[in-house]
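So the structure is just underneath, and the comments pick up after that.
The first chain written gets the first letter, and so on, giving A, B, C and D; residue counts start at 1 in each chain.
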Amino acid sequence: MSNNPAGHTDKWPNLAGQMPTPTAEQVSGNIENYIGMAQVPVGITGPLKVNGKYAKGEFRVPLATTEGALVASYSRGIKAVSLSGGVTSHCLKEGVQRSPFFGFESVLEAEEFSDWAVENLPVFQEITASASRFAKLRSVRPNIEGNSAILTFEYYTGDAAGQNMVTICTDRICHWILDHSPVKIDVWYIESNYSGDKKATALSFTNGRGRKVTSEVTIPKEIVQNVLKSSTANMVKYWRSSTLAVTQSGAIGAQGHVANGLTALFIACGQDVACISESSIGITRMEALPNGDLYASLTLPSLIVGTVGGGTHLPTQRECLEILDSYGPGKANQLAEICCATALAGELSIAAALAEDHFTTAHENLGRK
Amino acid sequence: MSNNPAGHTDKWPNLAGQMPTPTAEQVSGNIENYIGMAQVPVGITGPLKVNGKYAKGEFRVPLATTEGALVASYSRGIKAVSLSGGVTSHCLKEGVQRSPFFGFESVLEAEEFSDWAVENLPVFQEITASASRFAKLRSVRPNIEGNSAILTFEYYTGDAAGQNMVTICTDRICHWILDHSPVKIDVWYIESNYSGDKKATALSFTNGRGRKVTSEVTIPKEIVQNVLKSSTANMVKYWRSSTLAVTQSGAIGAQGHVANGLTALFIACGQDVACISESSIGITRMEALPNGDLYASLTLPSLIVGTVGGGTHLPTQRECLEILDSYGPGKANQLAEICCATALAGELSIAAALAEDHFTTAHENLGRK
Amino acid sequence: MSNNPAGHTDKWPNLAGQMPTPTAEQVSGNIENYIGMAQVPVGITGPLKVNGKYAKGEFRVPLATTEGALVASYSRGIKAVSLSGGVTSHCLKEGVQRSPFFGFESVLEAEEFSDWAVENLPVFQEITASASRFAKLRSVRPNIEGNSAILTFEYYTGDAAGQNMVTICTDRICHWILDHSPVKIDVWYIESNYSGDKKATALSFTNGRGRKVTSEVTIPKEIVQNVLKSSTANMVKYWRSSTLAVTQSGAIGAQGHVANGLTALFIACGQDVACISESSIGITRMEALPNGDLYASLTLPSLIVGTVGGGTHLPTQRECLEILDSYGPGKANQLAEICCATALAGELSIAAALAEDHFTTAHENLGRK
Amino acid sequence: MSNNPAGHTDKWPNLAGQMPTPTAEQVSGNIENYIGMAQVPVGITGPLKVNGKYAKGEFRVPLATTEGALVASYSRGIKAVSLSGGVTSHCLKEGVQRSPFFGFESVLEAEEFSDWAVENLPVFQEITASASRFAKLRSVRPNIEGNSAILTFEYYTGDAAGQNMVTICTDRICHWILDHSPVKIDVWYIESNYSGDKKATALSFTNGRGRKVTSEVTIPKEIVQNVLKSSTANMVKYWRSSTLAVTQSGAIGAQGHVANGLTALFIACGQDVACISESSIGITRMEALPNGDLYASLTLPSLIVGTVGGGTHLPTQRECLEILDSYGPGKANQLAEICCATALAGELSIAAALAEDHFTTAHENLGRK
């Protein structure tokens, strides 16, 4: 029931349709009321050269999207950064939060409770260790509002995106708290809606979520000209005005279209696509260097990715992760660095297109007629 | 190469794997460097009863996700709202923006230009009419910053999501502007990065983007108890604290997990999934009525959906739209109303789970082990 | 009971303490439970050269503050811009909002009501004309959320800051609405808390509030060097990094310390100082021109000022407005342009101090020991 | 040259005009180019009963404003909370930040530098101890963006507002850093514009600034009715809709008119009034208790106050602080608790006025005709 798109059957058989449709059992844990598989076209880009702390080498990047021109645009950016020696991409920190809520009679009790909870971090860390092989509780921070307190627990979650893991660990901690609290807890919720889960929030820059990654590249002026079809001066000029414009729109952060590339990567690679809300927040920067080359960076402070768990084991998702050499344990930091590097390439490509008035033409030529 | 997930082969053959993998030609306009199809599990929910301006009836809602418990949670919410007589869901307005940038020598020129541009709305409307069969230019609003001006063009785009359409029309208008501007334009860009495209911005509430939809439902207290396993008082109490918590996180709007359901619907139905950034912004409200029933509403001010163009024609995407009776011309408002109704059901289900401490158990039972 | 600060008694007798303390009657309408006058030191800056649409000429700008170094810093900036030929400062638009709330049974009623209200703009304009000699109702825009609607009425308020005026006019309109609404109004409030009154909100950039003003100046590179003690390159470099930093802090807009100068002007001139919350939101821009000169602009989209009403008639307040030639009818646009020009001068001065590491020294020398 | 406003000459002679206008020498450190004193009417409210951690007792609260009805409105709220047994007001934490910027060649260097800086906290604390008798350095947190790093230093600043103190200490630290950094620093600035100084930012809720204070009160339903002229149900209903409305306006936090009372207190008491930008951010909450009483709380996470330094020593400012028993060392926490309690009283009063349609009438009767 398949054919051979672009002749890649042998290399990527699942994407090419050589796999049987998964059985309900095979997708249990991922879906309920299963009726089949949605199919989203995948384009391949790259090789993307990355000089990361974890991602080292050249990567073909699969992007799943239905939006014409997207893969072409990212391909052009990837070509530019790879010809320039590659993207330096660094995972800077990681941590996933769960923020339970506790209600009390009075602010005095909320304060007494918060002080007590902070002192019990070592107990909470023990509970975490017994509840999960992977999670490590890093900190607990209280946030009092009136007669209530939110406790934000931040965990290392290894190579999993980690939302379920932090839920379970926090649940165990909360039940210990319910048994031991020095003040009566009137009401509690495992998640207060403060953690930033599946939302764009200002927490991205102040506290992070998931992994914080910064990517940077210096593009020689010849490559700006020959590959991106622009000039350093024009790209910096566009970047400056786009940064002020997006600020006026009331956005969080200041970037171009990070959501485009990340969403396509997330769908292809079995990530939690709803997390694009927080993952696509970032800061893009472009500067002219004294020699006329272009310095560009992208910082993604709240990138939620995993290479184990979630949808990573499903047939095409696993195949896409394997294309990226990022399937399984020990690979999440690499995947994060590739994501940010890819998104930076996309930022360069769209800035060039907009700076030089190629944006409309590209969409007319490659988009749906 | 397929089997029969859940016995649904006959009803939804493409999802069940009975279709051949599309050829490169069949997906041209949607993807470049095509290598095959990513496959994402789809669960079916419903029937969801909607009493809309456009969506009237009962709808099975397909959700594509890899996150266990998501379909089950939405199913529970959908059961509760449907047993309650259904969701009233209303498309309130529509409009997609493109916001080109124009740079000048001075603020005087920026102001002269802006005044001139606003006066030429009828010309721009004529240009739009000749550039597109579907797009209708509704308004142009200037936004001056220093010696520059952003013009925000807002269009009706019919049943298409419309981003390409508004790009092309705005491009035609800008070229007319370049030829006719009374002041010299130093630099211009087809998109200033102000329009809110693929970003969470405060523009959602002040100006909207795509479609603005409000859904509401009254849940009898017995259904709150029997289906949602909570009480009106507890749900309202959770809603109040969650609204204050999310406000402190620096979110835009105040909702729970709208991104979860919308992303799953968008992937299933061939929507531009990167637009989840703006589409998932909303306001959820829950109130106790004097008789103890629960009133709940969800307002999504910037929902980007289409039932023609984009990925809607692809095999499984079209099939999912057809499940929703929302494929093709004349259906976008209906799809928008179903999206918002589905998301409201999800808001109710998660609020109940969090209010009653069922959230962790659900994820432990249904998520990936 | 006075002495002669800086020998200015004759020029500015009220500031110099030659006036009797006002009687309770003289301050009625401004204060209740009156016990006397708080006294805040005033420093004089300028002359500030402004080439405005309304403000034309050289102005001495009085600043009331208790923060050492503030007046000196603004003086330096004012010297730089005035030596450069002055600031071009343009009032771009004006409008003050009041946003009443209306609650209904259902979203259907909210929508019917909103449509009806928008159609009745001419009636509302008549009511406004009969309720106020000065206010002119410009528009009414609905914002539906669930079964409720906010109507935002925007007025021209002439030379008054206008909050009371728009309250009274909106009150009259709302009572007409209560009598004539085609659907039953369950509950209504004269202000929904949406209008942005006395708050920093994203509405500043999307819809404005009070007056929107843009100021710009080109500083020759010699003046950057000799007066600001910096260089164009260093100032632009600082501006770029400060813009990205403030974006990460979750600010609205991107500016330096506009609140400092505006607050000092507002206290001196009898403005509603609490409105500094919205008035100090802005966008500062700095660019190197090809010849090495520095282009700088500041846009304040929500500047609330008045030259009649409020505290403008009080003795020292009136005197300060008269120093600015901005007391009484016909002067509010001029005052707005002076405010923005002054704030721009302050942005330049602090950027230079920070770029060149003079900031700490200035505060050590001029601040409280 | 004075008279006797409201017969209070003997009690508060400076406010009543019995003091000579200060000489330039007396205001040195507060102002440059001194020309005299701006005079702002002061109204007295209270007694406000506060049951604080630091503020215990009944306080008359002086408010300096030119806006009619403001003092009357706060007086009504203060009466309601004091008759209800007083406001519980708690300083929860304190800390003032300075956030210098450091630029490097690459993200690698930025990361190496940040790691090194964090390890040197003990050195920085020693430097702080030698630079200031009062400041205590609490933490240093890095924030990397591309090839740059912001270090946020947070200090306890005792009873001073502390901005100058933290500038000087951070300057000393930065100079040590410049001498000892393991990587070459290309450029640095003492303030990156990230610290939230004189701006409304999301940092208020995530990290705080100055003092975080929560105030709460339970108002018996009879007092809601007799003093606030409303009902618990109506006030809670207004609060709910106002919270959703302000969220849609893109505000930071969710409160009513905190800026009004705080600005008036800040002007009266010699505070840095420009800090109203961050100080007025807050969360107001109102709830009906089972017995029909009204619970209300206000949390101000970034309140910048001082009882030494700044303008606190000036004649009327000192007098106003003395009215509050809050002049000099050891009083800043008390002042902070009074500020928040006053603001909570104001929130209650305006909510009642809006809930019962008394707002317009109050402004018509008490505002400027």
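In the analysis below, a residue touches a chain if its C-beta (ideal position, glycine included) is under 8 Å from a C-beta of that chain, and two chains touch if they have at least 3 such contacts.
On a predicted model such as this, the values are computed, not experimentally measured, just so you know.
Looking at chain B and chain C, the chains that touch each of them are A, D. Residue-number overlap of contact pairs with B-C passes half for only one option from B-D, A-B or A-D: A-D.
Taking C-D and A-C together, the pair of chains sharing more C-beta contacts is C-D. Chain A and chain D have Cα centroids lying 37 Å from one another. Distance between chain A and chain C, defined via averaged C-alpha coordinates, is recorded as 40 Å. Between chain C and chain D the centroid-to-centroid distance comes to 21 Å (mean Cα coordinates, whole Å). Residue positions 143, 145, 201-203, 205-206, 243-244, 248-250, 252, 283, 285 of chain A each touch two or more of the other chains.
Listing the residues of chain C that touch chain B in their complex gives 88, 90, 92, 106-108, 110-111, 143-147, 202-203, 205-207, 212, 214-216, 250, 283, 285, 295, 297-299.
Residues of chain D that touch chain B in their complex: 202, 205-206, 240, 243-244, 247-250, 252-254, 283, 285, 287. Partner chain D is touched in their complex by these residues of chain C: 1-3, 5-6, 8, 11-12, 14-24, 27-45, 62, 64-72, 75, 99, 101, 103, 143, 145, 148, 150, 164, 167-168, 171, 187-203, 206, 237-238, 241-246, 248-252, 255-257, 259-260, 262-264, 267-268, 270, 272-277, 280-281, 309-311, 314-317, 320, 354-355, 357, 359-360, 363-364, 366-369.
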